[in-house]
């Protein structure tokens, strides 16, 4: 089975668990996979930016892929962004051989013009092969590459193997509307659109036509519920639940320390044994941890999943 | 009276009202000033980035300053950032002559190193004169200039006329803690710290030691209440009110369209006659307006000030 | 008479002369204009980046324009780039009323996508009016905006008033070839292409199809000779002269201090009374001045115009 | 033997030879090493940006290191810049075990403040170990990280294993002067300063106190001669030779296509079998090749090493 444009629901951006000394924590890899499955996710995306992928060596990347694919039972997408196409091809084909369902490719920060972006994806597809389904990662805030709807449209139409957009432009609501309008007008092939940015705009992204979320907020179960509520037409329930979590979603959305916050909560939820990052690592103060605990206690008034014994 | 380090409360970043054809709407300048005063602000900051200052000519800048100062009865800070020190001096001295209480200076985006930033403020102070109190605008997301607490400390200690920090680093909570610790350790003169970023982290910024907010969220009255609650030690009330507004605060915090959202709400609240911006202008779709209306209706369940007749 | 696509030769990017105290040096404005005319330039471009335009106030900008236009007797192009279209319109129309032949517009650094760039020029043309001939300034190194040949083609075809490209992409030789090929294939209206970047690639830019130079190297007379040699088919003479100057051209091409070097040489040549810049100003050390003097003495072995009494 | 602060002369930034199909060309690795040695270089720097290091996998990096170290007989410095410290440590220690004399570390583009840069090098030294001599790569044009002399001074003083600066700030002459002054005033330990930027300012960099060059210009023999002339106090000879090459040095200094130009000339000189790059690759047109040939023919009038049979 391969990823296709009908993908929907929540694909959790999986964290990569490390021991405090920087070694991969393979026991926690399983535990975290089980946690995500228990949250009701439709798939997993591993080796993304928040999965600390650039800090892994090629063997580790394949080892994690093998372990997650084996256990997950849901589609696994593998981040294969790399400075050279040789490494990208090697990881992409290796991951698919192991059972991954697709790969995700982010544009390198040096790209500026429409032509450069379109050309880059053409080269990437040539490198990994036209038989591997891929996801465009559209994340200007971190990558500094800005893709118009027209550019996305061209990449999709040029490459049948492009089946999904990880949408995390900011602001990005109009972009979803324009892409869906292009599909409706048969100017673009149908694709799946899953939204990132920590879920910060997921409430309205679903209403604009997104198929779900692909992000790593430490409560993937909340994201699943919001997606389900919206898909069932239960707008108020979606916003009520989303708004209850928003103070924490917002707090997690801090560049540079966001991953430390996320891992802190994942550890509290029992999903990983240690909140360590491999170096270079962000970290948070005791004060920040107390703020997170306070936010969790407030979320817990509405959503018991955020309640922890103290 | 001049601005000093004891400033506290909310200084609203004032929008600049325009007619649909791009002319200044001087009637709305008064109306908006009255609106801010009615919200209980402690001061006003005019001619900032969100005040479309770079689109005004020098005469208009002084005319607006004159009109606002005359009507406000609260301290007025004037944004004087400019590519050249001649224009900065001219506007700064002109504004102070008219009755402004201080000026705000943002670093130009070309600055990179600590020394460049410190040197720039030294030159700026030399240009405007040491007798004019000034505010450092620390806004990396838009300006791309990153100031460490140590750099801010040096600028403050180098220049007695530096009395306030407009804090809008992101993430920035630790920065407030570190600056206040530096003050406590007598490594830095006391300054006022007012927070920006649309208020997105105001709930915790107050707890870290901020003196208030300097931002343009369309409900300055909410900001005033949150600041008051926190200063009175009423933490729960502060967070409850803040969280009720957060979905809208977050929605307004969209680069490029944020001002259009803000002016749309200010117009709904009767504070300005038109939500037009001078060109080049951002704009929002009908769909976005419906989303804002929906968010307002949800905020109104908790805060009646967000209720509008439809 | 208005600027059109047949423009050729050298348009000197004029420095703006200041007194050491920062006041405009109007006597030197005339002297410098005469100097450029004596060098054989075909036109002048005033109020560009290297003319310290952002440090001037609107009255000064018009005053300089009036003075130069009156004296020059050759076409004068006025830089009208501004953060707001109101200021751009005001300066553009004011300058044309006074006798300027065209204006130059640089894209603001915030633009990223092809559509944003094309849209910006459409708005700018609407602002200044379709009757004013304009020059696109394509200068990625400083402005961070990258325009493909296709984008330039669209702007040219969208706006009959677009008559010239100030080409200073780097690398940029292929871009000239592609634009000329587009013209030949009738995919783009004819435009004039004058090259910037201090002249660093002028030798080959002429061979790729440029019409001349628009830059501020302190020996505009050398640029004029190189353009003439190339237009007369005298390739060897062009390269010989160019190469003799290249060590100094290269030395002047240092971001941040380039203008200080240029003004130092212009003063030595008697073209301006003081090499002062208005603040914020770059400056060069005594050591650097000695290096420039040494470079001049070496150029002088080939080109007597670089010989100075010591 | 390990690299120390007494290093002087030319360390060639070695290209990495590939077959047209992207495989490493190991035969050319030897041929190129011999070529550099024949040019009189004092050392070699491999796996730098221009060595296409990010496109190699870890095994290839070590294999190239092993091959070059074995053959070279001069000190070999290995570029070990990597997104994660685990990979940096692995390559650094592996390379030293094989016989490399030191490593080079570039700062990641995300760094902005002085503290961030100093902190990054502290973490890097902790990762690779204090026993491995390292070179700071100071290359703002490509890396966007700006280091003041004061920052370099702190890194040098914090880490005895910091023995060299690869200086390629632009402009950068004053920086060399200031660093040498700091040494003289005993504010900084002695370090070796070798200059990059394709050699574009090598003539004056030597006069400011540099110890030599570390760059990849396709005529390392010219760089060696210029360094030797300057060290022998033969200023005129240094400038005469340098200026003869400058038109080509300048031509090679084009971002994005510079490596293609360099490999084209290296192939012409018989140093590598193919000028192919691993993808993503820059390329040059037939027109550009003709321009290079023309420049070579002009250089050859002064320096016979640039003469080729046609």
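We call the chains A, B, C and D, going by the order they appear; numbering starts again at 1 in every chain.
Definition applied: contacts are C-beta pairs under 8 Å (C-beta built on N, C-alpha and C of every residue); 3 or more make two chains touch, one makes a residue touch a chain.
No experiment lies behind these values; they were computed from the predicted model shown.
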Reference interface A-B: repeating pair among A-D, C-D or B-C with over half of contacts shared: C-D
Centre-of-Cα separation between chain C and chain B, whole angstrom: 38
Euclidean distance of C-alpha centroids - chain A vs chain C, Å: 47
Whole-Å separation of chain centres (CA-atom averages), chain C against chain D: 34
Where chain B touches two or more other chains at once, by residue number: none
Overall pattern in which the protein chains touch one another (line/ring/star/complete/other): complete
Contact footprint of chain C on chain A as seen in their complex: 112-116, 140, 146-148, 150-151
Contact footprint of chain B on chain C as seen in their complex: 22, 52, 54-58, 82-87, 90, 109, 120, 123, 127, 278-280
Complex contact set, residues of chain B against chain A: 170-171, 173-174, 177, 200-201, 203-204, 207-208, 239, 242-243, 246-247, 250-251, 254-257, 285, 287-288, 291, 298
